[in-house]
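First up is the structure itself, then whatever we jot down about it.
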């Protein structure tokens, strides 16, 4: 039948079920902590204070969240069009070329806000370019986009290593990284933003790209729910046959959706390159492209949900760093485990608890109506 | 290039091909049954850890292999539960397994051995055994054929011989046994299998378990043969190269052997050329060689050389039609 | 031992709100060919799927040769001696014939021994039943008729005593169908029992011994074939239903708005679905296409709407030729004044996960009135939807409600409102009232008549003969992809029913 599950109240559908899934993911993570021989509640406490207990902690949390907002949005935009972009990692990495090229070329001559505009354009262009080939192959040659984007992640990592060693690396330097940018290639910190709340940013690299990420989230919301293109993408994602009926150009939409997705992933490069390290270096994406999958799944592909989920993951990253000081047994790799568990329970096992919850509500409403009938 | 160089290169090709072959075959079982498996990387990694950790503690290579297979099969069952029983998204489930394995191996390694995620170096008994082919020493001095036999073919790990043997065995299982017939059928048209009175669910679970066992062996090979213990993220993308090889080989056992040897050779070449100056190699960037397997796979997927024809039902959960 | 191969007692099955089988009783005598006829949705396939263990009945009992049987899955059905040839073949397309035959009946874990035996057995069966197939041929390279033979061989190979065939001739050419009937007769001679599900009366008359008629989930009659007539069966099948009364005046046909010439459509397998069809629809008239589902009506509609490329033929819309054999562009057809109410609102006409207002503009979302730029003006989208909700009395009147939460009738009204309110010149409508409640049916029928009276050219496809008869000004009957005949709406139900069952075609062919 077309509706496999009984109807549930909206709050159950959009709040309770995701929260139950999330809770189970954390429960299993807690079991891992117990396995390691630590107290999971204590670990949670350390994580939360580490992430939100100080201005610096919050600064770091939001700095990490900035990565995940971009990549989460990238994955979500593709999801809306029914595509699984597993290549945000590579797109973000290649997007770094655009940022670095703009910074290295103009950091002497231009103020940061002009360089920022060029860097953003460059990041989007390179990110989109890296998504274009898999998108085109999916639309016109029928190659499965999941496999091609995986392949492109690895091609990207080799390409970038080559670029770093042969293009960006100054002569006589060993490490695969560029020179450090002049102030023109540096985004300002958002210390003022935190100080409004009476917080001190300390050494946290919380920077201007966070605001860019929020703007991007808003733009994605407009795109998906307020433009004709977004409407066509959602039609494609939900019901390809209805898109055909409506006369939409499916192949073109696949390509455009992936270009936007890649551009968003590319923008992520601003945060580490121009916002923190002031140079391009190897593996600056550090898995954020994959975290984007978890973030998009958890945020149910809605920008508000994505921002919240990104902050949660930012908290895990920052709190996880603190945790590894206090409980050396629990390294930052714990976050990776949690990430995997979130993807498992909020994604692949999304419907595991639904029958039980549905049955519970069916029983509840039945007993309510019986009570009403009895009275 | 002299004989010696070629032998060294080929020897190293064999060494690095083994985990690719085992993992690609693992993927073959799962995907031929209709379950897409992008969690190969994670399973291999988890198995590498389980194998090395167990072998380090027990001092027995055999228990190590057993543990590696056990853990890998357990993860396969998680993937199976999500994709077969719960009909969840197979890509999402595979991704989750990769992350869980990447994180959990380091966490547990640190907690148990406190060496920054490494496992202790394995004693000789705890490592996989090598096997010298009969008469290897005797014929070493025979020109050309001698070194090929004694240096190239002899002296590998038992698991290496097993991996190569698994290719024809898998072919035989796939095309000559009842299990293989049903396995191939369930990945093409589960409806046909169901109406023939065979359980689709059972077949798919069996397939992912087979995949889990092979992935477990690949992991054990990494940490107990190629290396002398587990190191963080030691699978280093081999699971994905194996996946690429599987696609490139068009889901066929014989092609898997050739593709894995090709990809392995590229890897061996790039390792070798880092140490030794090779005539043509110096003008090609190392990264280009590293990226070549992926590029080749994309080109194949695009249908420019031959045509990729994945099992028709792969990635699609089986639901009886109304 | 019982004389009955199969006895069903009180089989009842529901799918959610749909009562697919209502207290079915059926006896099939051994060694006979027993036909089961009924319109689409009458519950024939569900009943047979229960017998084959694909579904479980909610209640009722099954007896095989007098023994109570618990058929919990296909395996149980097979071991009870039941074989089934599905409408969509259950064959592994890239396997050889032999591999398909063996699948599930391999005998031993290693194939080698079994293969030799299977090959010999297959050869024996082929000879016994005159069914020639190359055991090493790959299924996807075989013609559909041969694939079906493989399905039959598969069942016999499994020692089936009872063979169920679900609409076996739908994909066959007439000579292939005749060959199939010879095979079935042979099977009967060898003592097998055959159950033939079909909607084609000529097949029933030609080869069955007994025939049972199903209608709307019920078993309404069983007759000896020799003691019944096509007329009686057609009437039993369609049922004497109260004709829904629709007020309608004389049609005043104007100029030709839609002209279809020699339209042929083949599907991806190369099977001809629409075969050289030509007709005109004029302004101010309703042309109804009657026929049992699956006789090419869906493909015809989709080809005209630009959703499915035609193999050959021409379509002229508003006097302008349309490129009908190209990839197709539904958006362009809309711009030229064609509106399309698709047969399947769940997968084609609506996106059930969308808000009502979003569906109210599907296909017309490029319209300037929904926003001047690339942005959608959500206010005007919702206002437009609200207008239609009021005009068509769509309930609940909430443009922001998810479409899945509307009833079938209201969902259909959403589609109709969208397509009708664009003032199209030509309106093509598929199954306007499928799964729609009675109140909404009346409303929808009235609306269609109003459109006609406004001078629209309307092409109406419906499997409900009543509906066609009460709405159409001319009735075209499709059978096996061709136009079987054209009748006035006052032609008797029986007459049209015979055309729908392809009976007249047989008589012509025989001459």
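Note that the chains are named A, B and C in the order they appear, and that numbering of residues resets to 1 at the start of each chain.
Following the convention adopted for this analysis, contacts are C-beta pairs under 8 Å (C-beta built on N, C-alpha and C of every residue); 3 or more make two chains touch, one makes a residue touch a chain.
Computed from a prediction, not measured in an experiment: that's the story for all the values here.
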Overall pattern in which the protein chains touch one another (line/ring/star/complete/other): complete
Chains most often in contact, by C-beta pairs: A-B
Euclidean distance of C-alpha centroids - chain A vs chain C, Å: 46
Distance from chain C to chain B - Cα centre to Cα centre, in angstrom: 47
Separation of mean Cα positions, chain B and chain A [Å, integer]: 30
Residues of chain C whose C-beta touches two or more other chains: 15
Touching two or more other chains - residues of chain B: 322
Multi-chain contact residues (two or more partners), chain A: 1
Complex contacts: residues of chain A adjacent to chain B: 1, 32, 35-37, 84, 86, 133, 137, 141-144, 146-148, 150-152, 154-155, 158-159, 161-162, 166, 290, 293-294, 297, 328-331, 333-341, 343-344, 347-352
Chain B contact footprint on chain C (complex, rising order): 15, 52, 54-55, 73-79, 84, 86, 88, 90-95, 99-100, 102-106, 108-112, 114, 154
Chain C contact footprint on chain A (complex, rising order): 1-3, 7, 222, 225-229, 231-232, 234-235, 238-239, 241-242, 244-248
Touching residues on chain B, where the partner in the complex is chain C: 175-182, 184-185, 188-189, 191-199, 312, 320, 322
Residue ranges of chain C touching chain A (in the complex, touch as defined): 15-16, 305-307, 329-334, 340, 342, 346-354, 358, 362-363, 365-366, 370-371, 374-376, 378, 404-405
